[in-house]
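What follows is a short report on a single structure.
Chain lettering (A, B, C, D and E) follows the sequence in which the chains are written, and residue indices restart at 1 in each chain.
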Amino acid sequence: MAVEQGRTETASSPDGVLAGLATRTENLSEQAYAYMLLVPAFTVLLLFAFWPLASAIRMSFFADVITGGQLGEFTGLTNYVQLLTNTNALAPAAFVDPSFQTPILEQALFMTILFAVLSVTGETLLGFLYAMLMKAEYRGRRLVRLLIILPWAIPIVIQGMIFFLLFRPGYGLLTEPLQQLGLFSSLPLNTTFDSFVIVTVADIWKTSAFMALLILAGLESVNQDLYEVADVMGASRWQRFRYITFPLVFPVLMVAMLFRTMGALRVYGIIESTTVGCSTVPSMTCLVTQFMFGSASLYGSAAAVSVLIAIVVGLFIMVYLGFIRRSNQSLGLA
Amino acid sequence: SGGGDSGDGGSGDEIGGTVTVFSGSAFVDIGMEEALHDAGVPDSIDIEMVVPPQDSGSKQQQLRTAINAEEADPDLVLTDNGWTIPFIVRDDLVNLEEEMDDEFIARVREEGVQSMIDTGTHPETGDLYSVPVFPDYPVITYRKDLLRDAGYGDSDFESWRTDPPTWAEFTQIVAEAQSGSDVQYGHLWQGNNYVGLACCTFNEFLTSMGGAFFGGEDNLFGPVGDRPVTLDTEESIDGIEAAVDIIHGEGLSPMDIEGVSPQEVAGWIEPDTKSTFEAGSAVTQRNWTYSIGGAVSSFEGTDMELGVMPLPQGPNGSAHAQGGWIMSMNPHTDNMASAKEVIKAWWEDPVLQLQFDEASYMPPKPELFSYVQESEAVGPYFEALQYSAQNLMPRPTTSVWPNQRSIVANEVNAALRKEKSPEEAASAMQEQIAAIEEQSG
Amino acid sequence: MARVQLTDVTKQYDDVTAVDNMNLDLKDGEFICLVGPSGCGKSTTLETIAGLTKPTSGEILIGDKEVTNLPPKDRGIAMVFQNIALFPHMDVYDNISFGLRLRDFPQDEMDERVDEAARVVRMKGMLDRMPSEMSGGQRQRVAIARAIVRDPDVFLMDEPLANLDAKLRVNMRTELQRLHKQLDTTIIYVTHNQAEAMTMSDRIAVLDKGQLQQIAPPLTCYNEPANRFVAGFIGSPSMNFADATVGDGTLDANGYSISFDTSAIDGVGNGDAVEFGIRPEDIYLESNSAEAKDPSRTFSVTTDVLEPMGDEIFVYLKPILDTSSEQADFEERQGLLMSIDPSSDIAEEEDVEIVLDRSHLHLFDDATGDAISHGIVAGAGVEADGESAQAD
Amino acid sequence: MSIDARNHDDAETFDGSGEETGDEENKSRIARWADDWIKNPEKAYAVMLVFLGGVLLTTSLFPLYWLFNVSMAPPGQTDIPLVPATFDLSVFIQVFQQVPFARFMFNSLFYAFTVTVFVLLVGSLAGYAFGRLEFRGKTPLLFSLLVLSFFPPATLFIPLFRAFNQQVPMLGLFTLPVEIYGTPAAVVTPLSAFTMPLAIFILTTFYGQIPDGLEDAARVEGTTRLGALFRVIMPLSAPGVATAGILTFITVYTEFFFSFLMTGNSAAEWAPVVDGVIAFQTQYTVRYDLQAAASLIAIVPVAILVVVAQDKIISGLTQGALKE
Amino acid sequence: MARVQLTDVTKQYDDVTAVDNMNLDLKDGEFICLVGPSGCGKSTTLETIAGLTKPTSGEILIGDKEVTNLPPKDRGIAMVFQNIALFPHMDVYDNISFGLRLRDFPQDEMDERVDEAARVVRMKGMLDRMPSEMSGGQRQRVAIARAIVRDPDVFLMDEPLANLDAKLRVNMRTELQRLHKQLDTTIIYVTHNQAEAMTMSDRIAVLDKGQLQQIAPPLTCYNEPANRFVAGFIGSPSMNFADATVGDGTLDANGYSISFDTSAIDGVGNGDAVEFGIRPEDIYLESNSAEAKDPSRTFSVTTDVLEPMGDEIFVYLKPILDTSSEQADFEERQGLLMSIDPSSDIAEEEDVEIVLDRSHLHLFDDATGDAISHGIVAGAGVEADGESAQAD
């Protein structure tokens, strides 16, 4: 029977292999063990993310070659200086215009930040509502859950098409009503402000599901016993939320908002696909893509914008981390 | 890496294998492969038409990717004549002048539409890199029935084919026709903030009004940095004003242009105007050749009657932007000999005729225009096409054009939406484009 | 400060009736202990009172107000949960002050109350610990503090002291009693600890299988259990039971008989099958028979296992009486159990003489289990197998 | 202030029940509901939630409805009415006839499935380490995951692209043994790397929340730490794991940038489903109807996934486990 | 079936020393009870033995094998957790059989074992319940079943019966003892229940503040506590303590004195400050003084509160002796506590005469708390404030 047992052990394939490995490593110290567990993930990341990232950063210190495809000579911070002083004539839009002659929404930096703040706020609020709706008990809730998640499953190109067709000049279903209400111009997709609103709404529409899913998962993981306690203690609905739900969902919420903010600060696809276009609503990532894939491939500048974006995103993340630390919640980061 | 680099792969000189052509869905399942074999491609060669999934811009991007990847497939690519030169300049396409026999090259030069051949030629060496596949011309399609109601007749239609009205006359005619009918729109064209505005629709206004991007047609392909930027000249501003006038009718331009285009054109591109016109909602439309076929079939069995004329004239005559696609070879192909066979066969008349029959693509050889003339659908409008073919103007294709075109599109569109005055738009363009010229010179 | 009434309350889970037609009427300010075997429905009863569970049927009144459909927060209760359920994200202070914060207490009053509650549960100086950094008993004490820091009308406590050591338990008991007196709150208290139930409560409610068996003052439950179940359940170690038949002036069990005046008790007649029960402390060694109020004749028995407990010794005697069927489960303890003074010299496997205290002998109806009488008196019958040994 | 509020509450409750005994029949249905809700605030809350949800859902679903509408419009028509003029489901078949749409879908499903499984597995190990173990360098390592997401993915494209084409050595150290450009690996590997940070963060958060007691119990019962991860922690983190899975799956399934640029452009060359959708778009014409139909079809696998996974997300599992 | 040794084991949390230099040597097959106040380090000790917590220093041997760094699964242990820790996503069967499944037991053997374990804990017929559908006691029983279903070398049980009613507790106790005999497993058992500790264990280990106070057989701990702490901790109700001074042949407390032969005991001399302790059951009403082995003189006292427990009555007496400082905490119980027979007629606020059993009087060093002697003998000194009342 011992033999049999041995066989079944190895036979239970992935578990078996894993178990073998696990047994051998079980005696490692917590420290060593943790590192061992991180090896697979970080190997992949090192090869396919960190290394290319480092190469890209390196690229940012080299000059553009107009005929494209290659790197010019080492130029130090020139690319950055040009971008920050808005003196790169080849830049499809101003990253930031120090003279402030370019309208705010046409400066990639400010446009993107505004977009991120609005969309993440909208998505978080809507996401919370959706999550509650998905969690509540009523008939047909399975369907509702599905429907809430679906927008997230729509490829961005199609999302763009949907909104394009809604706001298409002349024919778009919403073009005329909104124009008559005086909210939009007759060419919303060509007007920076209108387009900005459309892109923001489109993003909130699609991405609230992301938030909702994560928040829902957070809600579901809260030990229901605690609500009983709170109820007996006399907590109102709001207080339950304030003292139990919110703090316990907070870590998940932070993860969701963190990643949504990072995503929003890198917004690009929705702008391109609604045919609003980068020239109407120039986001930071628009610059990267246009530098890189405009027929002149300006790798140096593209990389430099990426690094600038990373710095902006990084600053935002610091705000989050500060927030996390202050609220005394540990994500392991603060 | 040059064309020779990877063209010498082991199988590169043998006939056989599969030749992949990065063409388009219009070429799939219309019997092109058969026709090419009939036109001389040995049977040992398989030909595969690959559908590039997207519009011009993405196709360009994908081609760039494939070439950067030193991919062996596709062996042949159809490239937009509007963005081929940067590839040529970077040696990202095979120099056919070197690789193919001189006789064939000479034949192409001789038989092909000149403006198409120019867009496939190295601007400095003059070597031919690409063979025209089909040219595309902008024309005005219009509703004869409405114009008749407004008092115009066949004689007018007749004369416009070879002597189009001026912008002033044209807008007058459209205005009359529209006021006498319940058609929603007057003249449609593509004024959205997109590639086509810079290269084509605005360029047409600009040129016909006597303006130019870089001082004149000679400088369109460069040299970058060594050419004047002339967007702030009086004539160039006239070009913007004409485009604005045709929407808003404010009489800014020296011509007496009426506002017959709806504000929406500033947000429309080809499919929008095409479907609107075909639905009978407009009097006239500027669009490419292929739109004739669409209108013909849409108008069939209705009261609507189709007319086609060249683009109206300005002080500088009538200007038509060059459209169309040309065929080039991937420098990394591993099947060059076979690919050459395909290129050669594609220049044969039956192939080009099939292409016209099945996909409404004009043949790139003027001598075949008679074939077009005889065709049932397009034949009646051939004269107009011919006129535009004769009044073509190439696009300003250089490696910095992508950056410049978005500035042009942006500023002109802003002017069309009256966000900026024509002068403001002009000076903004002038300043930014000059800066690019300077930085990249 | 509120009367609590349960009328015909039933709570049915899919296949289990956790609470079965429960009727309780607790006076304002009463201290009630709920006792009963594991799974008998004590927690469920508390939950229905708290409003955490809607009863399947029946209604609940707190302080004359119907609350059956009221949410927990409007019922004026505080509860110590059996599963403790501290808020894992709050430190001890925040856990304890939670209910006060909900009511926007001023900071200084909150501090004061938390301090006092922490003192009561001996958790002062640990106010900034997180729940994960505490021992089981410490957590439980925080849970108690969390409940007592408020002034509810009704306290519900579900085994609040289960994880505390004996000494602390005694302290906490005192503190709770003091609190009860001070606040005059109605307290419903679930416990498995007999001592707690006996000392703290005004009345004990004994539950079995979701049904109320008896609700009465502790000593009544102890001395005059309403039925066989209560008799067996209350008291530790448990009462000894044996099947018997009423004879002619005797109670006959397994050939032995005890003189018994049937006429003194209603409802038993010659030949009736009954079950009789006697508590371990009502069995005496013959040498101590003077302590028994109404000693029976002596029986000769052999000791089996001895369990010295410190302050007493449990002596298991080899069977002389039939064990009741209910006992059959406990395979090894079929003999009679007696409790004697620890100073007695007694050894395992020793023959001893014992007497039963007739005045503490309980009779139960064999069929229904209902109590027939608590204590019998000697009658005319002859106590078989030995001479009569009545004293006093 | 709170006293006022309570009195008010009481008054209402009292009124309500007082009337109820009076003239039950005269009362309109609405009044009865109102009574009911006052007595059972839970119900009122539920009704409100459902109402609000209804409004939200309609607005959020409208674009989806519209997508269907677009698919019903005749080819070439871009003037989409609010209600379809014709109802012709044949577009859904045409989608498969015009392009090998099934293969496109398969490609994307393959990517999505592979990446999801890989990321959940590898991410779980990392999530366990970050969420439940203490070690030096934890914060910097966790932070490095975020740093990755600071950059637009396009930034990483060029170096990866060259490496996959064996043009430059990976990490500057070694050239890949085979060219993986154009193979599924060229999509799966970078997408795994890009979706990993989010997955790790989600898993870290959820794994970290599972009480130690349960892991302890499993370990005492004889599992290794990893065994406890897979047998106890993961099942109990089901909401988190399922969510991480769904998010990863959908992200990859609808990803376009890398899967478009790293593969050939035909279905047989591992082009993603989005390629299939935009195959109906050419230089001058867009078949919005087919695109819409194709997108609706493309959503189906995701819908199925969501339906299957939602029970995992909705599973308040931690109840009754611990006494603490 | 394994010896368990802890050598100098210390477990330090940030600011708390949960286990302080613990040395234990448990024999193969021994049944050890760990007792001590809440938070004294019992659970932590078990956790270090189980391998769930790495000790800060020290080493642990199980069956002569050093296991300090071995993972739990390789230590051959089974454990019942204080916090129960059922797997919430598994039903009862799966919870119980979890360890067996890990070891790939064949299905039928697994079924058999689970069945037997379920029988032991009286959970048969509930195998398909989920943890959330069970009562507190039922969950705890499943937790026990999960541990006993396996054949480990060492059982670690952390208050396994805390949530069970007295009767079930007794049954479970028996079952565990039987299991212990049958498997001959070493069992380390944490309990707050004195009866359990007294009856089940071979030895009791008393912990306080992370330190081992005494490890000895139950009755030794009860009768000869190693120090003041053990004396106060073991026994419920607790021993009475009072400060006293050794006089000339007397033990003087608060003016009262008891005759005491100092010379019979090493280490005490005239004038020494000591603490003496006496258990409630070693105080007798004068009428029962015959039961005391070595009764002291009589004291006149007044009764305060009576707590009838059923089988005994706790009588709180108004203070006659100084209460030790440690007691000061328990504000109301400063008097002496005695335990008497429930049949005694006694009322609150009644004047009674009592005697102490000198042979059960414990003396502790006032400074260190270490025991000086257990029982004293009468000496030459005159018992002040009353005539000598020695009997026997």
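Throughout what follows, contacts are C-beta pairs under 8 Å (C-beta built on N, C-alpha and C of every residue); 3 or more make two chains touch, one makes a residue touch a chain.
Keep in mind the model is a prediction, meaning the values are calculated, not measured.
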Innermost chain, taking as reference the mean of every protein Cα atom displayed: D
Top-ranked pair of chains - ranking by C-beta pairs in contact: A-D
Whole-Å gap separating chain B and chain C, where each centre is the average of the chain's CA atoms: 96
Length of the line joining the C-alpha centres of chain A and chain B, rounded to whole Å: 39
Separation of chain C from chain D, taking each centre as the mean of its C-alpha atoms, in whole Å: 54
Chain B and chain D, separation of their C-alpha mean positions in angstrom: 43
Shared interface positions of chain A, touching two or more other chains: 26, 168, 171, 223, 225, 293
Two or more partner chains touched - positions in chain E: 71, 73, 82-83, 103, 133-134, 136, 163
Contacts with 2+ other chains: residues of chain D: 78-79, 211, 224-225, 227, 278, 318-320, 322-324
Complex interface listing, chain A residues touching chain D: 15, 18-19, 21-23, 26, 30-31, 33-35, 37-38, 40-42, 44-53, 55-56, 59, 126, 129-130, 132-138, 142, 144-159, 161-163, 165-166, 168, 171, 173, 205, 208, 210, 213-214, 216-218, 220-225, 237, 251-252, 255, 258-259, 262-263, 266, 268-269, 284-285, 288-289, 292-293, 299, 302-303, 306-307, 309-311, 313-314, 317, 331-333
Of all residues in chain C, those that touch chain E in their complex: 13, 35-39, 42-44, 82-83, 133-138, 141, 158-159, 162-171, 174, 178, 192-195, 198-199, 218-219, 222-223, 232-238, 279-281, 291, 293, 307-312, 314, 329-330, 332-333, 339, 341-343
Of all residues in chain B, those that touch chain D in their complex: 22, 24-26, 50-56, 61-62, 65, 68-71, 73, 80, 270-272, 274-275, 278-279, 288, 290-291, 294
Chain D contact footprint on chain E (complex, rising order): 47, 50-52, 71-73, 77-79, 81-89, 98-99, 102-103, 130-134, 136, 139, 146, 150, 163
Chain D-facing residues of chain C, complex: 69, 71, 82-86, 88, 103-104, 131-132, 136, 139
